[in-house]
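Multiple structures are listed underneath, in structure tokens.
Two complexes, one shared chain (chain A), two partners (chain B, chain C).
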Partner chain A sequence: MFSLSTFLDAFWPLTMAARYTLLVSGLGIALGLVIGAFVCVLALSKSRPARIAAAIWVSYLRGVPMLVQLLVVFFLLPVIGIDVPAIVAAVMTTAIVASAYISEIWRGAIMALPKGQTEAAIAIGMAPRHSWTRIILPQAVALSIPQLINELILLVKASSLVSVVGVMEITRASQAQAGVTFRPLEAYLAAACLYLAINLCLAALGRWLEHRMAV
Partner chain B sequence: MDLSIFSEYGPRLLSGFRLTIICWLLGTVFGAALGLLIAVAQRYGGRAVRWALQTYIELIRGTPFLVQLFLLYYGGPMIGLRLDPLPAGLLGLTIYGSPYFAEIFRSAFRAVPLGLIEAGRAIGMTEMAIVRRILLPVGLVSALPALINFSIILTKETVILSIITVPEVMYQTQYMATMTFTYLEGYFALALFFWVFVEVISRLGRRLERRITRHLIERT
Partner chain C sequence: MVEASSVEIRKVNKYYGQFHALKDIDLSIPPGKVTCLIGPSGSGKSSLLRCINFLEEYDSGEVLIDGQLIGYETPGGRRMAPRRLRQMRSTIGMVFQQFNLWPHMTAQENVAEGLIRVRGMRKRDAMERAAEALTRVGLSDRMGNHPSRLSGGQQQRVAIARAVAMDPRLMLFDEPTSALDPELVGEVLNVMKALAAGGMTMVVVTHEMGFAAHVADQIAFLEAGELVDVDVPSRILREPEDRRIQSFLRTYHERNLI
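Let's look at the complex of A and B:
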């Protein structure tokens, strides 16, 4: 039957492992924001090849399951001569996948701004550079905050997949715990609680940010 | 790279592909059915029911699918729920998808003009009839894009079933890769396959959407 002490004992090793969950999803979103901004610039550019390249990038990354992409990256890196630990492949995959979603979030936010904003900026004689940095981007970023937090929550959950390549994050640690104690129910339940706690905190953070940055 | 492995393991991959499609279709249908049930119960249930369902939705949406599957497949036997991989996987997909579907239906129901429901009450329709004849037909049309979108997300979640040894396409690719040491080729082929597969169903989805919403487009 359910053993409360095994359940509670599982929390310490899992909390230690949660550092890797946070590392993979946190670094994933940080790098994803950078790559995503770049992809978004390509997607909005006037050059047709750039737009096509961005469209292919987004469509591939959104069309292929993350588990498959993770294994492609994991097995591709050694073949092209890059020998790095699994965690690097995990972070890279997460960042690349996130970049596709983030570029779409930003593209949507920028397109959602009324055209009058840009026109007004031009009308009062702002340089295009300034109309971007002072008018468009601040509003677009504020608009995109809820969706970016949502993406981060998705990444925390998706980071459970990197257990497959052996990164000792929450899911992998709960597997190990289940193997040692022969009590999978308690171990996985503890993992579920931990994920839930992380995600509830992130959701609360999101609500707070949304409130603060409301346009 | 040796392409002959794909012909040798073709039948296996094909059967895996079939199972992927079956899992996806059943997962979508069952998940949507459960989601619909939840959305209707949330609308008509009392405070306690609404609270319980909201908690269920938060619990499922706050935890990774992989952990839910592990709980079901490895943790289940400890409380007497002993399932084979495939039923466990299907049940997992159904449970995982249900809150997302429930939220889609809930917002679609809210978008149904109140006047229609009031008109239904005014002519003496029962609440059941209002659900069946007003909320569902009107709500489903506005929910369609979101439903298609989420069912596409579910296609990609089916590969996770391979981790609890459901022999779908990912599992078979893994088998082939281990037997022939063609990890990179195998997974890359699988990636391309999914890319095409998802692209095709999203096109079909858009077509279906246009077909079903054509009465909403004003003729010029």
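Let's look at the complex of A and C:
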């Protein structure tokens, strides 16, 4: 029988654990945006080695499951003498994986802008830095909002993977809860509700941003 | 009115890979006059126009603006310094077939942007000047609109104001009315006629034979990358000698008989 009280009781510990979910995905996307911008610059660069470096970065990170990457990073760091808490390894891995997708989102948005947009800037005598900051980037960023929100939602869900390295986020907390109460269904259903609530909020935020930045 | 530029095009060649797009083009564009470039599509007229502000890089020959080579330091030599090239471009206005307005800015901001970033004007002065430029093209009541809220004809007039506000000495038009609904062509052509009457040097790639006939001081006909003939409109349009021009005009007239 489904126990409503066990289900409801599960929310408190899970909500506490949600802080880690939000920390991993929030910091992950924030750092991912920065690293992704850098990778995107390399990918669009005139230099061939830079483009190759970006291509390798993106291919590896998109091509290997995040779970495997987490385990690799988690077990690799001590070997090379870096001793950091699991949460740091989790955030870094998430950010790095996110950067690969984000750089592709931005590259796509920039390439999608009509050539005439920059031509108009060039023809008027504008310097490249101004055509980037005033013409290309504002449009590319606005264009990429839906995909960035999508990526953020994917990250919130992917953050459940960091449970394997011992970070007490929603998924791991629900496993713990299930173990204590012997009622896995209630615990996992509560986790599902929590994930859904977070992501519905993010989707709403996305729509608001899209509307605000509409060109 | 600032003084108008002249353009001298000498033996210009342009290749796209193997394709020889412009073949030894020689053309003099006198100051304060309107030169129309006509010819079938793919004839190289847009490429030639875009060589004048070096938006398209020509491979050999010379393009001189008021006697100054654009794009290269010496004929066939090194590329000129980017800053110098930008400075030259800032005196050459360009209007595109697809308007190319910046969609995230209002009409007024579109016009002011170049004044701020290229001319270094203060924002308030730039906005004021933009307002004047927009008023001159009849858009004083549309300054706060984004391009998506304007008709094609209005957008193209904003684009012309954007170029004219920079005080250019030369204006390039790349099929400025080809993307417009027929009923909106007139308002754009009227703005262009006013500019021409003000003594602006204009080079216009166009399919509007009426405009070419009545406003142009000279017409250059291109086909397959060759400059077939340059002359006054009456000669080119009424008594063309070359068979390629005759056949082009025949097709044009047949299409316009409805």
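Keep in mind that, in the parts below, the second predicted complex is superposed on the first by the 215 of 215 C-alpha atoms of A that agree within 3 Å, B and C clash if a C-alpha of one lies under 4 Å from a C-alpha of the other, contacts with A are read in each partner's own complex, and residues count from 1 in each chain.
The rule is simple: a contact is a pair of C-beta atoms (placed from the backbone, for glycine too) under 8 Å apart; a residue touches a chain by one contact, two chains touch by 3 or more.
Note that the coordinates shown come from a computational prediction; the quantities given were computed from them, not determined experimentally.
Engineer: Putting chain B and chain C on the same copy of chain A, do they fit or clash?
Structural biologist: Here the two partners, once superposed via chain A, fit next to each other without clashing.
Engineer: Go through the superposed model and pick first if A:127 touches only chain B, second if only chain C, both, or neither.
Structural biologist: In the superposition, A:127 touches chain C alone.
Engineer: Does the superposition put A:71 against chain B (first), chain C (second), both, or neither?
Structural biologist: Touch status of A:71: first partner only.
Engineer: Which chain, chain B or chain C, ends up touching more residues of chain A in the combined arrangement?
Structural biologist: B
Engineer: Regarding the shared-chain residue A:114, is it in contact with chain B (first), chain C (second), both, or neither?
Structural biologist: In the superposed model, A:114 contacts chain C only, not chain B.
Engineer: Please work out whether A:4 is in contact with chain B alone, chain C alone, both, or neither, and reply first, second, both or neither.
Structural biologist: neither
Engineer: First (chain B), second (chain C), both or neither: which does A:164 touch?
Structural biologist: In the superposed model, A:164 contacts chain B only, not chain C.
Engineer: With both structures superposed on the shared chain, find the angle between the C-alpha centres of chain B and chain C as seen from the C-alpha centre of chain A, to the nearest 10 degrees.
Structural biologist: Between chain B and chain C, as viewed from chain A: 100 degrees.
Engineer: For the superposed arrangement, tell me the lowest C-alpha distance between chain B and chain C in Å.
Structural biologist: Superposition on chain A places chain B and chain C at a least C-alpha distance of 18 Å.
Engineer: Find the residues of chain A that appear in the contact set with chain B and again in the contact set with chain C.
Structural biologist: In chain A, no position sits in both the chain B and chain C interfaces.
Engineer: Contact residues on chain A for chain B in the complex?
Structural biologist: Those in contact with chain B are residues 1-2, 59-60, 62-69, 71-72, 75-76, 79, 153, 156-161, 163-164, 170-171, 174-175, 178, 183-186, 188-189, 191-192, 195-196, 199-200.
Engineer: Considering only the defined contacts, which chain C positions touch chain A in the complex?
Structural biologist: Those residues of chain C that touch chain A are 53, 55, 82, 86-94, 96, 98, 100-104, 113-114, 117-118, 146, 148, 159, 162-163, 166.
Engineer: Residue numbers of chain B touching chain A in their complex, please.
Structural biologist: Touching chain A from chain B are residues 58-59, 61-68, 70-71, 74-76, 78-79, 156-160, 162-163, 170, 183-184, 187-188, 190-191, 194-195, 197-199.
Engineer: For chain A, which residues count as touching chain C in their complex?
Structural biologist: 114, 116-117, 119-120, 122-127, 130, 134-135, 138-139, 142, 215
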